[in-house]
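The first chain written gets the first letter, and so on, giving A, B and C; residue counts start at 1 in each chain.
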Amino acid sequence: MTAKLRILLPQLLVLAIVVGLGAYLIHNTLDNLARQGVATGFAYLDREAAFEIGEKLIPYTSADSYGRALLVGLANTLEVGVLGCILATILGLIVGVARMSRNWLIRHIAALYIQAIRNVPLLLQLFVWWDLFRVSAPPPRQAWQIMPGFFLSNRGLTIPLPSFEGGFHWDIPHLAGFNFAGGHIVTPEFAALLIGLVIYTAAFIAEIVRAGIEGVSKGQTEAALALGLKPRQALFLIVLPQARRIILPPLITDYQALIKNSSLAVAIGFPELMAITNTTLNNTGQAIEAISLMMIIYLGLSLITSALLNWYNARLALKGMAR
Amino acid sequence: MTGTDPMISLSNVEKRYGAFQVLKGVSLEVARGEKVVVCGPSGSGKSTMIRCINRLERHEAGRITVDGIELTDDPKQIEAIRRDVGMVFQQFNLFPHLTVLQNLTLAPVKVRGMKERDARDLAMQLLETVRIPEQADKYPGQLSGGQQQRVAIARALAMKPKAMLFDEPTSALDPEMIKEVLDAMVALAGQGMTMIVVTHEMGFARQVADKIVFMDQGQIVEEATPTDFFSKPKSERAQLFLSNILGH
Amino acid sequence: MKAIAWARANLFNGVWNTILTLVAGYLIARGAWMAIDWGLIHAAWSAPDGRACRAITNDEGACWAFIEQWYRFILFGRFPPGEQWRALIVVILFIGMVVVSCDRRLWRSAWPITAIWVVGLIVSFILMHGGVLGLPVVTTDLWNGLPLTLFLSVIALAGAFPLAILLALGRRSDYPIIRALSVGYIELVRGVPIISILFMASVMLPLFLPAGVNIDNLIRALVGLMLFYAAALAEVIRGGLQAIPTGQYEAADVLGLSFGQKTRLVVLPQALSITIPPLVNTFIAAFKDTTLVTIVGLFDLLTTASNSITDPQWRGFYVEAYVFVAAIYFVFCFSMSRYSRSLERSTER
């Protein structure tokens, strides 16, 4: 009995302190909110948002609700997150392999890239990309045409879109007045965010890839070369497949970091989850509800990311590829 | 308590890891000043048994008493027993971030409340007896395995224990270093320390042990004097074991 | 001769590698030339305003005159110009303390470093704040630029450290309730963006406190960063705890050390010394993350830079401003990462 108590007592004490502190904070909060006349609860989600959102993947007008605005933000976060993870993986793989190249120049260019990018804050990099598009790119009338239909100007980058209205054809952007019409326009904010995230995250993925390649025993490469495979074949057929199981766990962390870092968009005005939350809490004063909701969504995204990749890892394990 | 009470006594001690029963009712009495050598094939429960004596493992049934104190879940009892029972491990387990001297003085100062100076004097004296006083200010990583194990013995002795447990103290050593450690243990035995030693060093057992305990499959199969055990082992399993380790 | 042999082995072994070398070499040379042309040859080093500067460079070179005009604002923000020597001393003091702390001879005991930092922080605080020794008071909203960045990262990390140790120990505790609380905190904080924690600190912290208690913006950001860093550091320290062999715990147990003694004297010293290289990496990440305070309205080094380029006289010299600030961050982060690498190598030996 006394021994049990001795185990239970310190735990209950800590729990009591935590609960007590929590209760104190909640009491203060309710008190403060009552004083300020702020109603608590999630009813605000059904109210009219009354603000415009520049970029949206799902239909939305300012007459829609805050809840819908949040959904627009979530969709934008997912868009940046998914595109970002894919592109960062590709770039990271290239840089990571280049970092291990037998070519001295290539190896050192990769190292330079990794060092330069990793040692400068991401937000600073985003600011630079953003200003590059906003300030340095020409106005639409003097836009640079990269390829037919691809115009780069300070309004963003235009992209032709396939259209199925009245038979299949390409909807090609063209200059109309002071701006472009038709096709899709990638805003400077979206482009800066995506490019910034991809370049930053790729520098971290490159190091993971390198560690993965180094983690595969040298004997494997030697065995592959002894069988007559070319170095590149040895890399892609023997080493990288085995490196996958070393690379995967830290890769999950970097994917989660990319998604979380996409919240920096709030500083350059791309309307994703964090930016919409910020606008919402400024307009409604529902700080606690808005912030908690946002945190729960981000937590959910983190969990989904790791669940997806763990599922992939388990599939590899089934084939005996991973431990 | 009189002098005839056993120093350490185990009765019907049981221990299991999941479905696997490691100790199946082990009973053993060790008198004051007695030296007991425990041997047996690997996985027979030797280490688990002595690790139960100072609660590195929790026994699930049976009684263990040390110097009249019964070992229960009560942390006070556990602390009391640990203060009185020293232990030497196979892997030395010296603290790598402390010097040899600090390894020896840490527990006397922090647990026994000894004065720093007295602890240092005692430590130096113990290092003399294990014959490595010149290594006092080095770190464990700078010593050979044999030297580390001798430091570990001195560290346990610095707590002035009433009994010492040795868990395969020479198994992790290179052959040329085994003797220096065994010499230190023989010297210790000569001072009348109560000792339980798990070891395969049969020469040491012959020379020092008052009693040999042979364990197999979680049970004590045979308890005998060294002479009896080596000349005419009773059980078949002990015969097989002896022929395996002495036979080559 | 040796050089030629080296080039053959490392640059021109095989057709594919030769092509790669030539293409990459051309691109690098061109990029380097463009950078030199822009940054040095066509650069303007002095000009009264942006328009005059553009006239000199003809928009083909860097306008370093911008930095000449604005470096004090970028480094110290709105700190009163006549008092900026105080902020400069604080910056030098901080760098000095970091350099001194890197000396491993000081690590034998926790005291020397703790003493250096406590004294250093008190002196820095007095210098920044003033109000004594005839120094005019400078309120915290004027603590801008580099001193703020250093203050935020150092104090938030120092404050987070004890909490991180408790969380790491809690996560490995035998007590289920304590373990659950630690895991819950660490995973929650690590699962959300740092900005959300900063928002919480800046918007929700005032709500948490009793009515009438007002807290400084700087403190809010510090609390937010501290809560975030604690979770990150806790995971690093947990890695160190896991690396300690069970034999160490057992040896401490059989010597009769209590839980507190075992933790303080045996476990933590070893766990922390193993984790120093990854800890330094976490410090680097934390240092970079302080830039996010710009979003909750603090004037750190990045904010002063992005504000400097909005001046009507000097609009649009963002490349110059950001290159200047990026260079400062790079020097700090790169030297810390080099240091961490050298530690890693010396422990591998």
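Just so it is clear, a residue touches a chain if its C-beta (ideal position, glycine included) is under 8 Å from a C-beta of that chain, and two chains touch if they have at least 3 such contacts.
Computed from a prediction, not measured in an experiment: that's the story for all the values here.
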Comparison of A-C and B-C (more C-beta pairs in contact): A-C
Identity of the most central chain, Cα criterion: C
Distance from the mean Cα position of chain B to that of chain A, given in whole angstrom: 57
Approximate Å spacing (C-alpha centroids) for the pair chain B, chain C: 51
Centroid spacing, where centroids are CA-atom means, of chain A and chain C in whole angstrom: 22
Residue ranges of chain B in contact with chain C within the complex: 54-56, 79, 82-83, 85-87, 89, 91-97, 106-107, 110-111, 155-156, 159
Contact set on chain A toward chain C in their complex: 7, 10-12, 14-15, 18, 25, 28-29, 31-33, 35, 102-106, 109, 115-116, 118-124, 127-128, 131, 135, 256, 260-261, 263-264, 266-267, 274, 277-278, 281, 287-288, 291, 294-295, 298-299, 302-303
Partner chain B, residues of chain C touching it in the complex: 245, 247-248, 250-258, 261, 265-266, 269-270, 273
Residues of chain C that touch chain A when the two form their complex: 10-11, 13, 17, 20-21, 24-25, 28, 175-178, 181, 188, 191-196, 199-200, 203-204, 206-211, 284, 288-289, 291-292, 294-295, 302, 306, 309, 316, 318-319, 322, 325-326, 329-330, 333-334, 337
